[in-house]
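I've put the structures underneath this note.
Same chain, two partners: chain A is paired with chain B first, then with chain C.
Right, the complex of A and B next:
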């Protein structure tokens, strides 16, 4: 069952990535602005321009360019960044860990906050506490992540300077990291000073990303939990001596969590999309920040590389969600 | 000496007013089976739910006492009450198809509470579950322990639920129409099983049903309910020999006879209903003053 899902998924992933590649390739070549113009000093001759165009292959048709690019990609070569003059693959993979750490940290925060609120709301259903949670949810949902980011910078970076407002790590600190997963590595090497510094940088951007998702989780999970609370097996559990929280978590949650899980999978990809702006806002050195620079510089190979990587990441996330669904729902497993 | 379960003057009403139970009193002692009969909506299930503390949120107990093993449950805090009910009582639910958690195997559904709440060792709980599944005549208990609910038939699931109800040796079992959701052939087996388990474990059993035929097979005493009021309470044998209330007589006359289908269906006569309505009005007047 799992292997069959995996196989069909890999196939559809290949098709998806191909589609994304074509669309991105065409769009960034059709929109105005060209990378050559950004690179040359004023007063460059037409001959210079032509030479540079030929060097990067921009003198050929889009179809020819695409075939050349695809042939290289299939051999693992995503080309060189025009503005940074380094291989795209190493640039992109070098930044990926920063973005992954930020978005997974944000996801954990969202699950903890949203899940906690859903449990409290279910426990106190029908009371003022539940109403307060609903109102808070509504507010959290109506404000986008980057506004939360700006608000946090003003509140906890400027007025009450508790957290760092820019970068990923304080320049004064340095551990000779052997990977780019700073947070994980500092923890594994028991360098808690560095770990706390990283958290201090990551906390506000992660919270800004987490709040809207937390509100969605709280709302949906509370709804399904409340419905589950009237099910017969949950009622039966209540006669067995469990506390109300035990009943909610152990009996109602396993089934109620399924719709939320699907939604979190979809929303997590939106959250990663949100890192583009949030990383810019907090000058966090991740993929999103690099993507904005790449677009400003019309760095076509780099844009392509980043977009393909994001697309691959999204399909992997969807795959993981589907797998979890099968694991959590015994009926699907045996079907 | 107070009975093991003693309900005194219990009244329940919807939060917006209407009365569901009108001053119910009944006693069930250890080893006794007390049947609660009545039409749908008479409030028979609500009595069981009040005892177990699982009333729907829209309903509340307005007055009365529920004594279980010498303690008035309604004088306890919610948490204390839950623990006490969990330790002393158990429910055999109505619909076996929805009363098991679909995402968990049968074994843990029986053992989890023994381990988690009552502090048994895992192996002791496991052994106990196997023993119980054998007691309820399940052929291959090891296999059933590893199954998910959707892999078992309705009758099997009800057997599992009965085994689970008796797991912690409760002193009181409340069976809420345990055979209603099953087909007729399985009904008989399950009914026999409940009686058998009750006799073996000497539990007090409160048996809720709308089926007088069922009552005659398992109960020692019975109470007839109408609109939340007990209209007749009597010994089993004397009830079937000579029911005293006209409504009881009408109910008996209305039960279909499988050996004589020519009789057709007999409704409760209008005169009886008028008399009942009169009694309820009188009761409500009396309770208001």
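Right, the complex of A and C next:
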């Protein structure tokens, strides 16, 4: 049963990714500004133009171009970046760790803040504290990450300059990293000074990304927790003399967490989507920042590579969440 | 402390939040109304020409800070352009995009959603497949990419928003239609001899309207943000027209010298987005037949 669910999901993931590839290709091929014209030095001859077109494959028919491009993509070859003159795959994979570290750090923050608020809200249900949490949630939900980011830049970059608001690492601190997972690597090499510097840079952008998700987690988890607080087994635990927090965490939480988990999966992809503008805002050297530069420079192969990578990441996350849901939910497991 | 007794009863908190919603509706509606007035009459009420540069009046602070000049209420930017006048003119683009892009996205997305949800079958399969594909795109990157392809300008921003956001309506309206279609009143309508299409329009649609209104109001706020983000990365309209996003980008650079260039457009953006989203919620509670 599990393997059949997995198979159908894998198939639909493949179809989705194929659709993404087609749409990206179509959008980019209708680009009016001819990218070749922008690359040529003044005084280039027609022969030069033809050579360059042939080099990038722009002289073939659209269908041929797509098939060649798709065959290459499937082998991990996304072509060469026009503006940076390097293979797209290495450029994109070089930036991916920065974005992943930022997104996962933000996800952790969202889970901690949202989970904490849900627990406090359930503990103090029916009091002014819960009402305050609800109002804060409502506000946090209607303000997008872009505005939170700007707000933090003002508050903690200018008024109370305690966090860095620009870049990923202080230029003076340069450990010769052997991977691009700076945060993980600095921790493994026990360079806590660098680790703290990285966190200091990451904190504000990650918080901006985390707040809307934290609000959603708080809202949904609190609702499921409150529903399970009236169930018999919770009452039983209470009569055994557990404290209210013990009851919530040990008894109610394991049963209430499943709907939130599914939602967090989908919302995590939205969070990653938010890194595009947040990285730009905080000059954080990740994929999103590179993507905006690529669009401004009309660097088609690079844009294609980045969008495909994002789409692959999103569909894989959704797949993993679906599978986790199946594995964790006994009703579906034995269905 | 009425709420303390009632919030134990799950979800059933109508009676005590009703008065609060009234205030919220008035506050949000009030801000949006002022903004519309400000945008409409921007050319007449702006104290200065929003494009006029004056390097001798560069980075003047707002009126309550020492060193300000009369006539430049909210200060000037690094080229000496008046912040208040630029904000008023920037509100025009923000609101036009909000209303037009929001409404069109709503019409297209909801139509697809109700058809997919009610007729199901192959139409639903195709639409759902497209939604799946759309969900795999990071929206901001998608928007920037579209603008880069179709060119800058107000029409392009509106088209980009429609292309990106139709799924927001389609997903919700489709699900809502599906849950309405199995209800008894639909069966009765069919028994009473109503056609399928007529049932959809006159029976299901009215029940979807509260949801659609909330989504529409939310979408207008989202459109304002998308416009601001596009202007922020300098991909919206020509560079010298004032936009909130453009002002924010400029304020981000000169943040240590002139905080007001960032702060005032940011406050305007913040209030506008918040108002659109809360206004929709407030309207829903006013018009929801169950709550009423």
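By definition in this document, the second predicted complex is superposed on the first by the 310 of 335 C-alpha atoms of A that agree within 3 Å, B and C clash if a C-alpha of one lies under 4 Å from a C-alpha of the other, contacts with A are read in each partner's own complex, and residues count from 1 in each chain.
By definition in this document, contacts are C-beta pairs under 8 Å (C-beta built on N, C-alpha and C of every residue); 3 or more make two chains touch, one makes a residue touch a chain.
Source: prediction; values computed, not measured.
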(request) Tell me which partner A:142 touches in the superposition: chain B (first), chain C (second), both or neither. (result) second
(request) Return first, second, both or neither, reflecting whether A:76 touches chain B, chain C, both chains, or no partner chain. (result) neither
(request) Return first, second, both or neither, reflecting whether A:126 touches chain B, chain C, both chains, or no partner chain. (result) both
(message) Is A:254 touching anything from chain B or chain C once the two structures are fitted on A? First, second, both or neither.
(response) first
(request) For A:233, select first, second, both or neither according to whether it touches chain B, chain C, the two together, or no partner. (result) first
(request) Please determine whether it is chain B or chain C that touches the greater number of chain A residues. (result) C
(message) A:243 in the overlay: touching chain B, chain C, both, or neither? Say first, second, both or neither.
(response) first
(message) Show me the chain A residues, by the header's touch rule, that chain B contacts in one structure and chain C contacts in the other.
(response) 126
(request) Under the touch definition given earlier, write down the residues of chain A that touch chain B in their complex. (result) 126, 231-233, 235-243, 246, 250-251, 254-255, 328-331, 334
(message) Quick check on the complex: what are the chain A residues that touch chain C?
(response) 12, 15-17, 19-20, 23, 27-28, 30-32, 125-128, 130-131, 138-139, 141-144, 146-147, 150-151, 153-154, 157-158, 223, 226-227, 269, 272-274, 276-277, 280-281, 288, 291-292, 295-296, 298, 303, 306-307, 310-311, 314-315, 318
(message) So in the complex, the part of chain B that touches chain A is made up of which residues?
(response) 52-54, 57, 79, 82-83, 85-87, 89-91, 93-95, 98-104, 112-113, 116-117, 148, 150-151, 161
(request) Please name which positions on chain C make contact with chain A in the complex. (result) 1, 3-5, 7-8, 10, 129-130, 132-133, 135-142, 144-146, 148-149, 151, 221-222, 225, 228-229, 232-235, 248, 252, 255-256, 259, 262-263, 266, 269-270, 273-274, 277-278
